[in-house]
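This report refers to the structure that appears directly beneath it.
To keep things simple, chains are lettered A, B, C and D as they appear, and every chain counts its residues starting from 1.
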């Protein structure tokens, strides 16, 4: 079987880890968190891996079952990695990609709902409540093309033109080949993203070239994509119901508790972005401000 | 691969349709709706099919994409089949089985939310608003064992003891082997049900023997169960993450738009039960009373 | 008592209906729907009424209790009035204002969720499915300043700059002085709107002057605003709890079934906008496409 | 104006705190938490206060704005007070009263969703995961009469007959006369409750007499009831819309952020009940198990 994957890590496994021409990969363990850094350095490597040139950091955390467990080392490791990719100054615009009404696709909008928006808070007000330095942050969940009639890239460019951020951070649900990675692997990259499936349509792409500012993409796999799967599973009868057959591209494999998995991963990512951005606030303070 | 199925129809296909000892099966088409009536008549047939003895009526409807489309022939066919199974008199207790917080398992509670509860409305009041005959109906969604700490059967028996219905109708999400049946096939049976997966625990079973009244079970497949699937899909590495592996039993294959599929199938089943029970009201009147 | 109102109709009642200098008001009944057309023609009248110069059409419909009842004359009257205000050509951008997480403020985003976005559907595709003419429509719910850190006006202007609509239609929850109007009165105006309460900050205003295109504002009262009310109601003790006192501005009077009221009014407004825009589709077709 | 109140504390204020015949009242401060203990000892006092004889403990906490703040002294004080009322042994059945679809009435069902149900967990299993003693707890949210067609008391009695708890704890939303108490005052009593408004219908009452076991009622005011209010506010015109007038009994005054207020108060009450019941678990452990 051949499952679609959005993870550079899995792409590298698929072509064989020995294939290192133009690709480097380093793994590091911090406690129970595993970090893999992949750099795709050449156009040829980009083609073999079917991923744009650039850096991909994958953080694999143990699964967790409650809010309390978010506040441990995995939040710290994750926010450190995000912070390294952020510019030191300027407004950061966080964009939650995906459709909040479709559970496995809701990770982006849900993570965005945990973002502490501060761009509208004056520094005087921040100081008056004891916050000496508050990084300017804006956040939005623009919806998907089918809901809005507008390419997500057009909406984001319109907003970028007006608020002039130094960086855009996108958050999106991904597909993995591997059930064990659902909800517990976070991929960060500096290569941008194509909302709605990497069809390779340049016009749609959200990256430094199209937006004019740095773009950091953060994603968590929530499903194993069933494109190929469907053909194998369907025990098709020669019946009149053939037309009822759901499009195979829309099938997925996921845990039955997908609602919970998405909720927890969204909260982890949202909090990690806040921690990366607001150095003056502790994780506990951030958690109490956004929940 | 060997997928679990809750449909007698698929069980029969699995043992081979030629195996008719103690089993009968008849198919009928009404417009674009296909009805299959299976009767399991002997203990031996029940064992071969792994389903209790009794009658299973399966209604396969074309998929539908909106409220408007519910109000067509499929609602009529479905409510006619349900009506045939109901006793002519007495209160009917409709029970929505499953966990409303887990999308693929929410079908029962959501269908129950569309039930027109009338048991508390006096016949005088009903007449005063122009309803000459209103069948006495009660409805409840008791939650699942993990939420309540109480076997669903205990809750239902407690309520049955007090309100003395002539019949209990359960609604539950099922597993199918076939993606094309998700959301568009309805199984009705007179054999009762074991909430939480047919583990075969007699104490838990909801049927005429345990409840003392007729039990009609209505179910719609919302997932292809991934029990076996998981073992095949998982590209397990020899990593520390092994422990993270989600239980294979909790995996499912389903359309990405599972939220929409469950919403629509719940409404169809809820309305069909109402139409079967309230002969004095048209489908349009029922739709306007419950939505 | 002196309650805040967003309805020109109630403002006119407050200054006295006899005060007609620079104001005209006409009332018309269509079946059980009452239409009042108010025109504020002079700066002096605008000041007396505390509303910008322009036209205000108020449609008062009987309350309704189900989906079925939406599809009657009130939908027809409402969509006719909206259609009269729309330009004949060009893309229309529908904006759902308000916070979807706060029930009484969720009317705008909920109505926007019922909008049939078509701008991304090519006319060839539309024809191929039998739709000869599909008006180009885009829709977005930008969230509120506290969530995004961005003035709503900035987001909308960014999008308007990119997609160049001929008209922006905003939908928002309003405050009324009159409980009987909650959920059953719709005000439409050509004067624009100040998201987040008419604080009079020109920079924030969404109107033809700031956006460069026609702006139609549609609103439904969902609360009686408790600004003054709070001071009268609160039976303040000389206790340490004084600090706990909620801000009086945040109090409201509303029916207990506010969730239902907002859901129904959102659907009515969303469908009416669709009907006004898509002349080639019947209300039934629109209802089946969006629900 | 004369607002309805469910708080014994406010009833006592209304008749005058000097009226102490058959009533005692003691106030205590623990940090920033205020505890008032009222005992109604005679039938005459019960009649003057319009509340059944018995004990009413009211805990007034400072308002709080996040999860983090729940885990401070107010949780400790609240759980201590609840623990004092509980029997030392036997299963405890927690019942969430109210309609989860109506925000201000959803407090009971939402609090019940935070209850750690343990009755189905064998003591062996509990020990195997390091829990030496786990109190047997069951929980249910039976819905309201209009949804189920069954009196809540009938459902609870049916369940009590089967699982034989030593105590029933009900959780419900209350009405206060005082806006400052919404969401931040918790009343506990040993007198039972009449679901759906204290109409005084003995058949409906949930108390030791009707259920045969101890009943503890916990409630939090979420609204100021608008019964009288509505008549004063409504600026009724002599119009055909008179029939549209919402029933005055259904009006309420509440903060606009009622959704958030109910969410937080539900979590506080749910966690406090868990802490009172599970002496072997810390508040942090409980929070991580239920959220």
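Points to keep in mind about this one:
One rule holds for everything that comes next: contacts are C-beta pairs under 8 Å (C-beta built on N, C-alpha and C of every residue); 3 or more make two chains touch, one makes a residue touch a chain.
Predicted, not measured: the structure shown is a model, and the values here were computed from it.
Comparing B-D with the candidates C-D, A-B or A-C, the pair whose contacts agree for more than half of the residue-numbered pairs is A-C. Of all chains, the one whose mean C-alpha position sits at the greatest distance from that of chain C is B.
Put simply, the C-alpha centre of chain B and that of chain C have 41 angstrom between them. Spacing of chain A relative to chain C, judged by their CA centroids, is 35 angstrom. None of the residues of chain A touches two or more other chains.
Those residues of chain D whose C-beta lies close enough to touch chain C in the complex are 1, 3, 13, 32, 34, 60, 62-63, 101-105, 177-180, 182, 184, 223-224, 226, 229-230, 232-236, 239-246, 250-260. Interface residues of chain A facing chain C in the complex, by the touch rule stated above, are 113, 117-121, 136-143, 145-151, 154-155, 157-163.
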